[in-house]
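Given below, in the form of structure tokens, are the structures.
Paired with chain B in one complex and with chain C in the other, chain A is shared by the two complexes that follow.
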Partner chain A sequence: MRPPIYLDYAATTPVDPRVAEQMCRYLTRDGVFGNPSSRSHAFGRAAAQAVEAARAQVAALVNADPDEIVWTSGATESNNLALKGAAHYYSKKGRHLVTCKTEHKAVLDPCRQLEREGWQVSYLEPEPTGLVNLDHLAAALRPDTVLVSIMQVNNETGVIQELAAIGRLTRERGVLLHVDAAQSAGKVSIDLAALPVDLMSFSAHKVYGPKGAGALYVRRRPKVRLEAQLHGGGQEHGLRAGTLATHQLVGMGAAVAIAQAEMAAEAARLLALRERLWQGIQAIEAVYLNGDPQRRAPGILNVSFGGVDGEALRAALRDIAVSSGSACTSAAAEPSHVLLALGRSKPLARSALRFSLGRFTTLDEIDYTVARVQAAVTQLRELSPLWERYLEGMGNVWEQ
Partner chain B sequence: MTPIYLDCNATTPLEPEVRDILLRFLTEEFGNEGSRTHEYGVRAKQAVQKARDQVAVVVAAKRDEVIFTSGATESNNLAILGLRAAGREQGRRHVIITAIEHKAVLEPCAALEQEGFEVTRLPVTAGGFVDPAAIRAALRPDTLLVSIMQVNNETGVRQPIEAIAEILKDHAAYFHTDAAQGFGKDIETLRNPRIDLISISGHKIYAPKGIGALVMRRRGYDRPPLRPLVYGGGQERGLRPGTLPVALIVALGAAAEIAVRDHVKRRQACQKIRERALQALAPLDPKLTGDQSQVMDHVLNLAFPGLDSEALMVALKDFIAISNGSACTSSSYTPSHVLKAMGMDDDEANACVRISWRHLTPAVDWDAVANRIRTLR
Partner chain C sequence: MAEGDYSNLVWDHFDHPRHAGALDERSSSVGTGLVSNPFQGDAIKLQFEVTAQGIIAAARFKAHGGVATLAAASLVTEWLVDKSLAEATAIDHRVIAAALELPAAALPAAVLAESALKAALADYAARQYVGAVREPPLPDAAIRLKCVTRN
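Our next item is the complex of A and B:
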């Protein structure tokens, strides 16, 4: 049996063979395997050089200074370091944070923890498009607000927030802005010299780099300070202790360099594929596109199907690897908190499929997927009591 | 001329057998183990569970007692700072460590101290190990945690873990050991059921950097009451969220299994290297650091009277790559806190170099090394 068609690139991506080849040079005895902190011999110094070259690659992706990049084990750790690190460091200024209900758990859960520690957090309701309402944001800012955290691209819907406008607002009010860029870095262009963003989280494994590597951008001018979350060893200027994993960081650097070089062409290719997928699915009756029709990252399509149970639909599409939402919460049977926040009903949120396309997605795969989805939805609706009531003229019964 | 790498306590190259496994899970078996809706995720999950078993079996633990982390530093932080909340709630705010712990234990303990905990830092003997009787004397009813490293990273001296476990038999304190330097090398010690928490590093046992584990042994049905340091996503029972780095985990599992399989062979190979080194260097009258009966087979910490470690490392740089202490502190010029704790003065400590090798270390021309040292005198 051939493996399922992989359309879950937003959950994770394979390491690009070009990246894997680079990584292999930093592992074994014939490669650069030293500890980058070993200053007493050439093995260590060569590893340190490789780590710094990779840091420069990540900095170049977002037009930042290499000194502004702190390595972490991934975007979850980056988000925790940004949120808890800033909240603790600036606790004398105030204990209030603002975020949005559609953020990833790696932002929402640290916020919950800070609430347990005595902070207050305002959770903004997004517009039905998924976009943050700037007036609501402005109204939520208080004199004791320390930080606003808004993701750039939503992992479930692909919706792109208006960072420039959000940043102007936070900068005006002297509030830090953190951005979870796990889904956007390497896919949409980011210029941190122009964007008023203070902290930004990156993940390697969403852009064909290895799992277990990430980074946090920490602005130097004006300087943002953080309280370290891991202690011991002094690496990363004391902000993040632990032996630097040379091959992982080299992998992340190589991955973002490729993503940057190929970004424009790849975005156009993915957009065309995604449009073709959407055209095919749109031909089915009673389907709902989740998220803003325009402001979306090119690789993501999130669709709800009226009168269809999502679980049954995914089971019927076993030869296509798609998800109902975030991998981090896919164990839970709960409907997506993101889609509910966009105002979708529980039945529609439960019926959603997230298709996420990537570097190795082909036209044939898309056409096959369209045919399979059309057939599966038709078949499932034949057995659906909701669909029967719809056909009886009772309207869009799944919207309640 | 490329020197021979003799700094295996700082990091080790990847085990050749592990490389192919790592590569396969990077590019082919690339699923997110959190993805429950398709085969890619299911396969990743299975691979992670197998690796969990492979790590658990080394220390006679159960699969669900293994939490994967980014390395021993994170494991140490999680073990120590993770107990903070329980200590506060139970009014147990006393911690016992030794003066020779790694920074990744010393610094989280210093963080606890700033928050009102009391930390007892026990001295060590001239032999480089803590006296178990000192631990007995330091124990208090409110002692929350005893954290003693299994093997010191600078001297290679084994700490009396079994004797400490015996002393702690009737005490409620959690017993943590930083096993970064001993996991998979000094195997029997870590199987002691009294050890509650074990920090493991991948890159010290020929697995990749960036992966480690914390073993949390249950007492009966009770898990050590750790709270997470990182939040979001729910992975590792919520104790260590974040997408699991499947390739790194699988590589650690494989390296752990090989470590047990090849244990005796590796020790013998390391002993031979040690004998040859000592034979060649003996005429130079080196001063060996630490109680040699307790030193691991792959480590030699020594000084040549009258020679400074910096001068020695520079003079030998074409022959062998060695260090004068922990890589984590090798950028600072302060004398080693470990050696000072063993009673050395600054000059004595600054004279010491650490030589550490592995079973696959190629033959070193020890006579050439000895001759080079002779010319320095």
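Our next item is the complex of A and C:
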């Protein structure tokens, strides 16, 4: 039997060996192990230099100033700092936020927490394509709206939001725009000198860097202010206390530098592989592509299968690592909140598979996956009394 | 549920279903039960064929649902072969769940398999009085937990 195939790169990625090799130099006694805040001696200064070089690499990825990058432990912390930090700081201006129902839990849950603290949150219904409707967004903005939070690339469907248009709207109204870019940074080009975005969250482990490292972009001009969520030694201009994890940040810097250098070629390669996967799956009867067919990140394909139970399908494909939704929610039996928001029925939302391709995905793996998916869907449908009814022309139950 | 939540027997039935398929629903020697669980969208169709001596000669199933649902339906058909109707009546969700070592969250699968068997037994019993002519079971699209006998 062949080893399992990993097609869950949107959940996490393996650390690139080039990155791991860099990180190892910042841990042991013979390496740069000093505390970056210990500016009084050479150990600390060497570590600080490495951290600042990594900060410049992250800033370069999105055409920002290094001073605008705040280190965090990952995109979840970045989202918490952005949402709660801005909401608390600007609470005198108002206590209203706007986001979308298809956001990641790392945005929705901080919103819920702010609601418990007395804020009001409007949750936009996306179009069936997954895109935010700009008219609905404009209508949701109020005089007391402090911040809008919209992710750039959806983690389940790969749909890319129209950030420039969204940002023009929020700028006009003097509302801050936060963007969760955990799935987009390093995969689609981002120019924060041009985009009207005020806060942007990044993750290292989605781009072949280590888990436990992330960053938040905080715009300087016009200046965005945040209330710190972690208090301590005053690191990161007081915005995020805690000793900086030099090896993690060096890893993140190295990872985004590689991603930036290889982005165009890698995007084209992934797009071709994803198209091949979709062509193979599309040949199966009663399959449903989730999300806009055009505006999608190259590495993600989300498909629902009519007349097939999701758990059984994933079990039949257990030598292929795919996801039912986001990794963070796959433990729950509930169907994906993202696909339900796109208007999918519960049976279709349950039967969805998210294939996410990455740097180490090969053509051979894609062809094998197509064959296995075709076989598994066929087998399960042959077993299904519901599929039998569908073939007899008695309609299908999965679109209801 | 994850791979480790199920016993080897569950995986064996899931990977190698026994007696998948169908028997002739119109035959008076065949009992058919089609039941479904509205909460999870699971459905099991279970059939058996009885000899003149009152012994189950063949059993078939079709199932839509998760790993446990498919395994429970497969296991019951395996058990039914060569059993008398009285023996078949004794099969319930407890023995199914125990044999498959189902986790608590998967108990509805065992209940659904028992319901399918009970529906098939009732269907078979009803046909012994009414004879061979009958319509095929009406698989209600709304997936209610119901016995498809003669409606």
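Following the convention adopted for this analysis, the second predicted complex is superposed on the first by the 396 of 400 C-alpha atoms of A that agree within 3 Å, B and C clash if a C-alpha of one lies under 4 Å from a C-alpha of the other, contacts with A are read in each partner's own complex, and residues count from 1 in each chain.
One rule holds in what follows: contacts are C-beta pairs under 8 Å (C-beta built on N, C-alpha and C of every residue); 3 or more make two chains touch, one makes a residue touch a chain.
This is a predicted model, so every value here is computed, not measured.
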| item | value |
| --- | --- |
| First, second, both or neither for A:135, with chain B first and chain C second | neither |
| Partner chain(s) touched by A:364 [first = chain B, second = chain C, both, neither] | neither |
| Touching partner for A:397 - first (chain B), second (chain C), both, neither | second |
| Partner chain(s) touched by A:210 [first = chain B, second = chain C, both, neither] | first |
| First, second, both or neither for A:246, with chain B first and chain C second | first |
| Touching partner for A:387 - first (chain B), second (chain C), both, neither | second |
| If touched residues of chain A are counted for chain B and for chain C, the larger one | B |
| Which of chain B and chain C A:35 touches, first, second, both or neither | first |
| Chain C-contacting residues of chain A that also contact chain B | 318 |
| In the complex, chain A residues that touch chain B | 3-4, 6, 8, 11-15, 17, 20, 23-24, 27-29, 31, 33-35, 37-44, 73-77, 79-80, 104-110, 112-113, 203, 205, 210-213, 229-235, 241-248, 314, 318, 320-324, 327-331 |
| Chain C partner contacts - residues on chain A that touch it in the complex | 307, 309, 311-312, 315-316, 318, 333, 346-347, 350, 382-389, 394-395, 397, 400 |
| Complex contact set, residues of chain C against chain A | 1, 3, 14, 17, 20, 22, 34, 41-45, 62-67, 69-70, 105, 139, 141, 143 |
| Residues of chain B that touch chain A when the two form their complex | 3, 5, 7, 10-14, 16, 19, 22-23, 26-28, 30-32, 34-41, 70-74, 76-77, 81, 102-108, 110-111, 201, 203, 208-211, 229-235, 241-248, 313, 317, 321-324, 327-332, 360 |
